[in-house]
Every structure is written in C-alpha cells, then in structure tokens.
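Heads up, the next two complexes both have subunit A, just with different partners, subunit B and then subunit C.
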Partner chain A sequence: MVDIILDNIKKSFGSVQAVRGVSLKVYDGEYLTLLGPSGCGKTTTLRIIAGLEKADSGEIYFGDKKIDFNVPPEERNIGMVFQHFEIFPFLDVWDNVSYSCKVRGVNKDEIEERVSKYIHLVNLDKYVDKFPFELTAPQLQRIGIARALATGAKILLLDEPLGALDQRYRDEFRVEMRKLVKKLNITAIHVTHDQDEAMMISDRIAVMRKGSILQVGTPGDLYIKPNAIFVANFIGESNFVEGEVKSIDKYTQIKLHGGGPIIFSKNKHFYKRDRVIGSIRKEFVKIKEFIEENKLKDNNLIEGNINNIAFLGSHLRVNIELENGDIIEAKVTYPPSIQFEVGSKVYIKLHPENVLLFPYPEDLDYELALE
Partner chain B sequence: MVDLIRKIDKSLSSKKARIIGDFTSLLIFFVIIIIPILYIFTYVIQEWNDVSFWIFNNPVSGSTRFVDMGTALLRSLMISAITVIIDILIGLPMAIILVKYDFKGKRILDTLVDLPMAVPTAALGFSILLFWGSSSGIAWIFGLDRGLISPGVIMIILTHVVFTYPYITRNIKVILMNQDETLEKAAQSLGARKFTVFRTITAPLIKEGLIAGAILAFTRSLGETGATLIVYGVAETAPIQIVTLKSQALFGPAAFLAMILVIIAIILLILIKTITRKIGLPVYRVFVRTEKFLSKKVFRWLRDGFTIFFFGFLILIPALYSIDYLFLNLSGPNGAINQVFFQSDNKWASLWISLMNSLSIAAVATLINIVLGLAMAIIVVRRKWGKFNAILDTLIDLPLAIPSSALGFSIFLFWGTIGPFRSIGGLLTPGYLLIIIVHIVFTFPYMTRVLIASLEGIVSGYEEASRTLGAYSFTTFRKVTIPLLRNALLAGSIMVFTRSLGETGATFVVMGLVRTIPVTIVDWVESIDLPSAAFASFILIVLSFVLILILRHITTREKILKIKT
Partner chain C sequence: MTEIRLENINIKDSLYNINLQINSKEYLTICGPTGAGKTSTLKIIAGLLKPDSGRVYFDGEDMTDKEPEERGIGMVFEHSNYALFPHLTVEKNVGYSPRVLEGKTLKESRQLINYMLELVLLQNRPKAYPHELSGGMKQRVALARAMMASSSTNLILLDEPLSALDAKIRLALRYELMNLVKKLGLTCIHVTQNTEEALMVSDRIAIIHKGQIIQVGTPREIYETPKNLFVCRFISTSNFLEGNIIDIVEKGSYILLSNGKKILVSNKNFPIGSKVVIAIRAENIKISRNKKIETQNVLFGTVETSKFVSGNSIEEVRLTSGELFTLKRHATKAWFKEGEEVAIYFSPDRTLLFPYPKEGLEKAIDVF
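Entry: the complex of A and B
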C-alpha cells in the first residue's frame, strides 16, 4: 500500500505563501498530475513530498507511515525526475543509472541486473557507455527516468519532466511514460502546466491555483464538470458570457447582458435575478444556417454575424458576434456541414447541458486570468 | 566495507557534524588567516611608544625616518599609478585583439600573453635587470657598453607592468568573451561608427571589470617585493623599506609602515566591492566628426601595431631575457654550468635544497588550501547567513590585497616572540613552518575564489537529484559535488602551487635560515653571480610554465562538462 496522503500542507517563502493548505490523496498505482500555471505551488508541493523542501505545517503519509518533514530525501525512498534532467555530467549512462544502487550499497549482481533492466526499458541499451554531453535532450531525460526507476521506489515524482523537450518529443514521451508507470505498478505524481499533457497522461488531475487545489478529478470530470471558472478556462477552451437568471422551469433561462439574447442551461442551482457567468466549450458551439424556418422549429437559436474565420487544418475557429457585441468562438471540424464566410449571418445553437453556470464572481478579471 | 562507508557518510551527514565542520573551518580561517594579517594593528597600538620613538622623536635621527617613510610611500603610490596607466594602455587593446579578431597565430599570441605570468617575480626582476640594465641586453642591440636604464624608479615601473598587466587583460578578456555581441551590432545598425560603438556600448559594459582589474593591479604593484628587491637600486619603495627595517630589527617602524600599506589595501578592496558598480562614464554626447575620423582603419592598425610592439618590447622579451642570457653564458669558466656545479661552494647543493624546500612548501600549502578552501567556499555559497556571508566573502580576498611583505611581517609578529604568545616565548620562529603558514595565507584566496565561482555555477539540481536517489548529503558531497568541482580544484591547486613557488617578499620576512628558490635567486643576484641566478631562474620559469600550460588546458576543457539542454 503506497497511497500518498497530504493533509493541509502549508509553506511560505518569506512573505509569499506558496502552498496554502493542500490536502490530497493519491491512490496506490495511480498516475496523478498537479496541473496549474507557473507559481501556483505545484512544484513546491512536489518538492515537499520529495523532502527537498520542508513544509511549515500539515502532515504527509506514505501508506500508513507518517513522514516527518525532517526525513531527508535520501531516506524517503522515492524516485524523482527533474525538468532539467540533472544527469551527472561526469558519469556515463551506466554510472548515472546505477548511482542510487551504489550509494545504497546494493550488491554487485543485483546492480547489474537492475540497471540493465531499466536501461533496456527506456531503450538506451546502445548508449550505456556514453557520457551526457554526447547525448540529446530526449535521451538525457530517458536516463533521468531510468535513474529514478532504478531506485526501486514505488513512488515516482516528476517535476515538469517534459518541460525542456521539443514539442514533437513530448507526445511520444507522454504515452511511453504512462505505459511504463502502469507496467511497473508505481504511484506517480507529475507536475506540469500543460493541460494537454495532463489530460493525456493522468488517471486524475488536481488543478492548482495560488497555492490551493481547486478541483481533483479524472480528465473527463474536469472537462465536463469544472467546479470553477478558472478550471473551465484552464482545461480546454471555453466562451464566457455574462447574464442574469430570468426564469427557471425546464431549463434555467439567462438573459445575456447588454440586451443580449436568452440562452438556456440545465444548471438549476440559481435563483431568479442572480447574476451569473455562463461557460460554453468552443467545440460545443454549433453553427446553423440562417433560415427563418429553423428559428420557427427551434427557439434555442441565437442570431449572430461571423467576423473572423481561421483555418487550422483539422478544424476552423469561427468568431461570431452576437447582437449585444459579445463574441462567441466556435471550433468547427473541417470540412463544415454548412457554407459560411466572414460577414455571413448565422444561427448558433447552445445545448442546455453544455451551458455551465457559475455565480458572478467578485473579481471577474481575476477568475478569467490564466495565472 | 560498503556498509561501513555508508555508516560513516551517514554520521558525517548529520546536522551536528555540519555544525562542527563549519565551526572548525571558520575558526581556522580566522585564527590562521585573518587575525594574523590584521595583528599588525594591535601591535602598533601596543608598541606605540616604541613606534613613535623610532619614527617621530628619535634623539639621533629626529623625524627623518618618518620623512623617509613618507618618501617611500609616495614613491610606491606614484609607481603603482603609472604602472596601472601603462597596464591599461597595453592590456585593454590586447584583450580586444585577442577576443574580437580572428587571425592566424591567435592561439600563440594568447599563450605569449600569459607567458610572463609564469615567470616568478624574483626571476622576473632579475631578467629585467639583465635586459635593461646590463651590457648584454638592450645595450648590446644598440651597441652600447653599459645598460640603458639603471636600477631605480623607471626600472621598477617596467618590472611592475609585466606582472600587473594580466589583471587588466585577463579581466577584460573574460568579460568580452561572455558578452553578447548583438548589442554592438545593434549600435552599428543604428549608425554608430566603430569608435563610437566602443566608447558608448563596449566601454560601459567592461567598465566594472576594468576598474576592478585596475585596482587589483594597483594593489599588487603597491605591495610587490620580490622583483622590486632586485631592481630598486636606491629608490626604496614602501614594501622594500619594510624588509630593510625588519632586517635591522626595527620592528616598531616596520609594523607602522606595514599597517599603512594594509590600510590602503583594505580601502582599495572595499572600493572594488562597493563603488566600481556606481562609477559612471562621462559624456554620452557623441563628437561625430572626431569619432568618425578615429574610426578609420588606420587608427585601428596603429593601435594594434603599437600594442603588439610594446607588448613584445616592454613585457615579453624583458621578462624572458634571462633565458637568452643563460644560454649565452652557459659554458666557460664564468658560465652557469661551471659556477653551479664545479665550484667549491657547491651551489648545486643549495640549489637542490632550496628547490626541494620550494616544492614541499608549495605542496603542503596546496593540500591545506584544498581542504580549507572547499570548506570556506561551501560556507560562503551554501550557508544562508545573510550579512555574515557577505563579510566572509570580502574577508577571503584580504590576503590578496595586502602587500606580501606587510603580510609576512604581520604573521611573523603574530606567531613570534613578540606576539600574543610572547608569554610562552612565541609559537613559531622564522623558518620552514612559518614559511608554510605564510604561503597558506597568501595563496588561500586563489583557491577559494576559484572554488566559490565554480560552486556558484553548479546547479543545486545535481545535488538534489543525488539525494532523491538515496545518497546522504555527505555521500552527495563526495560523489557529486567534488567531481563537479574537479576542474576548479585542479585549477586552484595549480594557481596556488605556482604562486607559492614564485613568492619572494613575504618569504623574505619569515624565512630565517631556510632558503626557497626565489630567495636563492635574489641571494645570487646580490652576490653578482648572474649566470648562476639565470640558471636558477630558468628552472623556476620552466616549472611554472609547465604548470600554467596544464592550467590552460584544464580551463579550456571545462566546457565539455556543460550539457546542452
């Protein structure tokens, strides 16, 4: 059992509160990602788990065992992968990977066996006697992973492990890393600011902001049921509109601000006259032809003008200006089912289950900021 | 066995072990290095009556000694100032030539520029005396029957330029090499001519390094004893006067003069740390016509030509002339071979003994400084003690700034029969042990500086990685930090070894009856046995040069350790 439990962890650097009471349970064998913009405290949290940083208060458990903050990293039995690799430049690949075994006094035969196993796992068999300066960045990170795994630890901590790699290597790495972790049945905590990476690699994601966890859930949960404007904005891409609740019957009806149109939402946690923010994922915005009879058949159609179209290969990004001046962006798979161009009048359709409502926040700019 | 090592590492990694280690290092640092070189202050105050009796109110000499001191001090300051100006005139363009130009033989020129540094000061003074002052050097070229310049102020300046200009050239070279050229290109694209670019863009960027280098050159010149001892003639400089006073057993006046030199050195050191950053460069106004005129190729050629000519003529040839002299005077009844090996006074034996002394002293100083330097570098870089760290950082340079004879004298007083240990008759008398202590003190900054710079450059990530992999902090230190510092340790060791090998001034004060090789050279020059002195110089130069070549090799290889990410 190596569940990892964090209970109300707090940490300040001088006057800056980096971590403000983080509680989290990571299950045995789970791949969990701490996702958030830079400065949100995710790396500090990871370093506290690793023992590289001492928390000011709170508790950490590995399984049933409470880990005192004074237990140094070398006694925590973890594997860690670093953003800038930190591959020892004066040791060759073999010596880098065998380092943990050697400093722990593992016997020779076992070192031989373990190290070749992990070097093989990351496909570096050909490079065992190369030195770091002879290798490329992706190869260096492979050593980093093998080196961390060769500790035999059941907990793997990854601090932006793909941050220093080119985009094209990242996708490949994500898949590979998840497979590896699952195959070895270890518990992994991965820190990143890249939401695609988090979605692709994780069993669950904890979204962090300003030192706190906002939401923990599977990638699907976070996508479909974000519990905060920030989460809706950070995971995937959403349109945000401002309005007031007009009536509540089968659906909640929201009158958009500035004399805008009415939209419908399935969300019923609000009262009449509440000011709300509606959030609609860009890929859920449907564009319909501007024909009178469409409007007669379906009262959930909103009129708008296309003022920009961008072609991105697999899809189009279409900006539609509503009558109140709000701009809604739609991601339309290519080729689109109907014809339109800049200047066209169109209807857009927003399904009520795709319109999420949040109470109007005290500081909207803050909620919508991505940092 | 592995278990045992792991146990030892674990106990050495404990907090207690760290505190004990830090405390011991600091104790040694203060007791061996800092307090003895500042002891001179206490001494002067304690012995004030004696000091003032000899300097100000002596019944026989009145205050003439004070006047003499003033003269020597003023002479020293003047010599240092002129030296620094010449240093800048030669050293700055040389750095530019070495960094900005690409030409055949650049590597050779680069080595030649470092070459005079391999010549220990005593050998250097001797070489310059031969070149300028004897009938065989420059006089021979012009067909004169005696030297062009006799020992005195001018010859002192010519000597000081040789060992101080590297402070300018090396400092500026490093800055220029690390500098982003895009700024200069940007200025050019904005229409600035070459000279204007240099004045308005390059100069402000190298300003700090230039000022720091100039101050270091100034302090070095102010305190130099070994070479000056050979070329001063009758123009006593302040450090020479310390040696003279000490040899007359006038400890009070010697201490007083040493104290003044220490004060000047400390002020200069503080200046480096504080104001170099704040000094502005005058006028951003551009004198378009003049500067356009000065940007002409002709002026660059003139500048380069003069720089290389003066470098060769004022620095390189005089510094190495003793080698030429040696080969001219190798055989024959008065030749070096006969003088050294086949005379009844057995010079070869004293040469051998002094060589062994020099080598063993340098080796011990190096070993001790490796340990102490590592400990201090870690304290300065890694411990977070705020202000105290900054103070330590400044104190580390103290021995570097203090004139070597003043430093030697202060240490001599501290450990000797008239220091704080006088009640037990003093701990150390002049001789082998005291020479070792003095050498540890003045070479300490060379080792520690290199280690600090290197340690600051090491990303702590490597160490963190090691600890997450299960290594105790002491194991990490052994297996990760030390290998990362390997080149710095080697470079520092060679610097310390070479400096120790060539040191004369401080050794003179504390040597007693023990002789090192530079002292032997001075002895032989004084007994006018020039071929033998040239022979000893040659051995010393070759030793130092080989060490410096190794040093260059190491420092250029260092890049390999940097991984591209």
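Entry: the complex of A and C
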C-alpha cells in the first residue's frame, strides 16, 4: 500500500514562494502527472517528495507512514529519473544500473537478478557492456529508468524524463513508459510542461500554476470540465470571448462585447448582466456555408469573415473575424466538408454545451497568460 | 529585398549537392530529423560555415567568400532567452550590434532603435531587462535585434527559435513570429525538426534528410504528394501495407496483400505486377465496432492502446496480420477500450502509393 499524500506543503526560496500549500493524494499504482508552465512549483513539489528538498511546512505520507522531512532520499524507497539522465560516463550499462543497488548494500545474487531483469525490461540486453558515449539519448534514458527501478522502489519520480529527447523519440517513449509502470504496478509521479505528454501518459493530471494546484482530474475531465480560465487555456486549445449575460431561458444568452453577436451556453450558473468569459474549444467551432435563409432557420449562426487559413495536414486552422473584431479559430478536419478561402463570408456554429462560461476575472491578462 | 540561391553546395560527409532558392519575402522552413544537415545549410547562408564546393548568391551576387558580418543577416538562435544579454536593457540589446550604428550620431541611433521597437510593439519597454519580459516579448527583442543587423537585406535566419520554450508558449509564439515576419516584409529561413511547426508557419518547406534535399514545396504539396516514403512518414504519422498490383479498374488499382486481402486505391500510376507500399495517414482511417461493416478496404484488429489527447482520440490497433496501426480523430474522449476487437477502414482516395523501396520498407520509413 503506497498511496502518497501531500498535506498543505509549503516551500519558499528566499522571498519566492515556490510551493504555496499543495495538497494531493496519489493512489497506489496510479500514474499521476504534475503539469504546469516553468516556475509553477512542479519540480520543487517532486523534489520534496523525493527528499531532495525540505518543505517549510506541511506533511507527507507514504501509505500510513508519515515521512519526516529529514529522511534522506535513499531511505524513502523511491526511484528517480532526471531530464538530463545523470548517467555515469565512466561506467558501462550494467554498472550504471547496478550502482544504486550496490550503494544500498543489496547482496550480490540479488543485484545480478534485479539488474538483468530491469535491463531486459528497458530493452538494453544487447548493450550491457556499452559505455554511455556509445549510446543514443533514448538509450541513456533507458539506463536512467532501469537504474531507478533496480532499487526495488515502488514509487517512481520522473522529472521531465523526456525533455532532452528529440520530439520523435518522445512519442514512442511515453507510450513505453506508461506500459512499463503499469506492468510493474508501481506508483509514478511525472513532471512535465507538455500537455500532450501529460494527457498521453497519465491516469490523472494535477495542473499547477504559481505554486498551487488548480485542478486534478483525468485527461478527459480537464478537457471537458476545466475549472478555471487558465486550465481551459493550458489544456487543449480554446478561444476566449468577452460578453455580458442578456437573458436566461433554455440557454444562457451572452451578448459579446463591442457590439458582437449573441452566443448560447448551456451553463446556467450566471445572472442577467453578469460579465463573463466564454471559452470554446477550437475543434468545436463548426463552419457553415453562408446562405441568408439559413440564418432565419437557425438563430445560433454567427457571421464572420475568414482572414487566415493554415494547412496542417490532418487539419486546417481557420481564423474567422466576427463583426466586433474578435477572432475565432476553428480546427477543421481536412478535407473540409464545405469550400471556403481567405475572404469568404461564412457562418460559425457553436453548440451551447461547448460554450463554457467563467466569471469575468479581476485580471484577464493574468488568467490568459501561459507563464 | 533579397533572394537567396544555393548552388551545388557540398560538405564532405554532411551535405550533398544542395540546390535551393528562397524568394524575396518568402518564409521558408528547412525541416528534417536531427543530424540531417539543417543547421549546416543555415550556417552556409550565414557565412558561419564554408562549403567545400558550391556557391551562395544573394540577389545574384556571389557571397560565398564573404564574411558573416559582410552579409547583413540577422539571426535568432535556439535558447530560452534567445541569447539576449541578461544585464542589458531592451534598447541596449537591440542596439548592441555596433557595426549597424557605426557613423551614426547618438540621435540617429536612438531613432533607429525606437523604430525597431515600434515595429515589434515594444516601444513602451525600452528600459526593461529580459527577465522582466514574457517569452513572447523576449522573442520580439531578439527579432528586433536581428532586424537591426539585417537592415540591408531584410533576411532573417531562425535556428530552432522556439524549441527551448514550454510546449504551450511555443504554439502561441509560432503565430506571433509568422505574422511579424509577414507584416515586416522579411525574407525568413527557419530551421526546425518539428513538422507541425513547419506546416504552420511556412510558405514553402524544404525537407532535408541525410544531407540531401528530398523535396521542396508548399505545406499542402508536401502533405498531399510526398515524394517518397520518408517524406510521407516524416511529415505526419502514417501506416503502411505492402502488396502487389493485381488489377487496374476505372476506380483505381487493386493491390493484393500477403495475407490474401485485396485493397483498392485511387492511384493508377503503377503497372500490374508492381510491388508497392500503400500509405494511409493516421487521420484518414476510420474505426468501428461493427465487424460486418460493408465498405471498401476493411481490416480487422485489436485495440492495444486508446488515448485521449487534447481533442484527439488516438488508438493503436494491432491488425490480425500483425501490423500496428495508429489512428487519430477529433473526439471528446477515448471511445475504445484496450483489448476491444474492431474493424478499421479507409477510402481509396485517402491513400498514397509508392514503389516498394530498394532498401526495404523498414529503412525507408526510419525517420529518426
């Protein structure tokens, strides 16, 4: 039983509050990712769990056992994997992987058995006597993972483990990492700033910003039900529009700012005249042909002009300018079902369930910043 | 206004007969895997690397033997801080290039710097230090500095300018960069290994592999008519089937796979008997639980992984014939469970056809 519980963890470096009261439960056997921009406190949180940093206050439990902040990393039964591998250049693969067992005084036969098991698991059997300079970056990271696992740890902490790999290796590696962790039935906490990586690899994701956790959920939860503008912006890609609630009946009607059109939302948690921010996923913006009588039949069509089209192979990114000057971007599957070009007048259609509403924040620029 | 032409450029064991023309005000991306020769090509244009043979022309003038500082080029490098001087303010960073301000009075220099800052919308922040700026602002300072250095040519070289940034910021800055380059009327050569970035920002893309330019074209041309299997796989996740053409009909060609299955593709350019490879992009394959589905080109398999990533469902399906296929669709959640048996199918006109490669399929699609 190795649930990991963090209770109100705080940590400052001088005047900088790196972690501002983080509470989190990671379940036994779970693959959890701490996701956020640079400087959000995700790595500091991981290092506190590892024992590489001491928290200023708060509590950590591994299962029922409270972990004193003074317990050093090697006594916490964790394995760690780092972005820059931290492989000994003067040791071959076997010696690198067996190093952590030797340090912990594991007996010789046991080392033999464990090291060959984990070298096999990360597909390095053919390279046991190779030195780091003879290997590629992904192979070096495989050593890092085998070394972390060979300690026998039931908790694996991964600090941007794919950050130093080329984009094309990353895709394969992340699938492999998840399979490995699940196969060994260990608990993994993974730190990254890459939302796609987090969604691909995780059971649940904790989104962090400025030292706090904003939301914890499955990839689907975070995508469909973001609880803050920042989360809606950071996970996936959204358009944000400003407006005021005009009326509420079957749907909430929002009049967009600057004399913009009315859009409909299923969210009914607002009152008339509330200022709101509407958030619409780019892949949920549908483009319809501009035919006058269509507008009469369907009052949920918004007029706009296409002012840019980018071709991305599997899809197009189409920018549509509304009458109030707002730009809405649509991700459209390629080839599109209707013809359009830059300059075309079109309708866009937004389904009310896909228009999420947030109260207008004190500082919109801050909410929409990615850092 | 500068047009760049590379003519038969060679560097031993690294670049082979590179011919490339970049038009004035064009945004061209040199895209390829690590070690393909992208940065070497860029350095040859900048004058930071001398070719063993071949010539470099700017507007018809031979620049091959000119030093970098005589070429009037601005560069932006891969670095999270864009190699800005951390101890200098925005205006000092922009005005750093001493040669540009040579012979100018203090007033003229100030005017020029202010003008550059206005272009990149930083006229209000001349006294700020890099650490006080957002990622986008830093990028604009680097661009303003590069433009100062390139005021005679309007030629900007970008070496993986976004790769050191957080994933999310990278996406936002792509737009900003592209719009700025276009607005300012610059000629831009951008090096990246990120194919999505290349598709998004470029007028044209040059695909480079093992020191050779394989194909140059618009994003659409590269995606829709890749010249070979490498370009096909490199530009977008694709799946491959090997077979032989057995019949050509009005709708296209029938291909017999080794497992006895027949596939119809629209392409009719190969004679009967040819050994070919069919490529199907991940986004052009449909999936169904209904295994009696009546449509063209149905294959069967088991879902190995099913993931939801930012608006896309991504499945890996192990076909009964052994191949692992990747499928990608816009979706709001992962709909298929691991272990589920499914039918997958694709339209004959959403396929690409290639001659079977001499080096074997595996080698031809090795994009690493």
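FYI, the second predicted complex is superposed on the first by the 371 of 371 C-alpha atoms of A that agree within 3 Å, B and C clash if a C-alpha of one lies under 4 Å from a C-alpha of the other, contacts with A are read in each partner's own complex, and residues count from 1 in each chain.
The rule is simple: a residue touches a chain if its C-beta (ideal position, glycine included) is under 8 Å from a C-beta of that chain, and two chains touch if they have at least 3 such contacts.
This one's a predicted model, so the numbers in the text were calculated from it and none came from an experiment.
When the two complexes are overlaid on their common chain A, residue A:28 makes contact with neither subunit B nor subunit C.
Of the two partner chains placed around the shared chain by superposition, subunit C is the only one that A:234 touches, whereas subunit B remains out of contact. By the touch criterion defined above, A:88 reaches subunit B but does not reach subunit C.
In the superposed model, A:242 lies in contact with neither subunit B nor subunit C.
Judged by the touch definition given at the top, the superposed model places A:52 against subunit B, while subunit C stays out of reach. Using the contact criterion defined above for the overlaid structures, shared-chain residue A:323 touches neither subunit B nor subunit C, since it reaches no partner. Overlaid on A, the two complexes show subunit B and subunit C touching no common residue of subunit A.
Those residues of subunit A that touch subunit C in the complex are listed here as 37-38, 166-169, 175, 193-197, 199-200, 219-220, 223-224, 234-237, 281-283, 310-315, 317, 331, 333-334, 369-371. Interface of subunit C with subunit A (complex): residues 33-34, 134-135, 166-169, 171-172, 193-194, 196, 199-200, 218-220, 223, 235-236, 281-283, 305, 307-311, 314, 316, 328, 330, 332-334, 367-368.
Residue ranges of subunit B in contact with subunit A, taken from their complex: 2-3, 5-6, 13, 459, 461-462, 464-473, 475, 479-480, 483-484, 486, 560-565.
The part of subunit A that touches subunit B in the complex is made up of residues 50-52, 72-80, 82, 84-91, 99-100, 103-105, 132-133, 137, 140, 147-148, 151, 157, 164.
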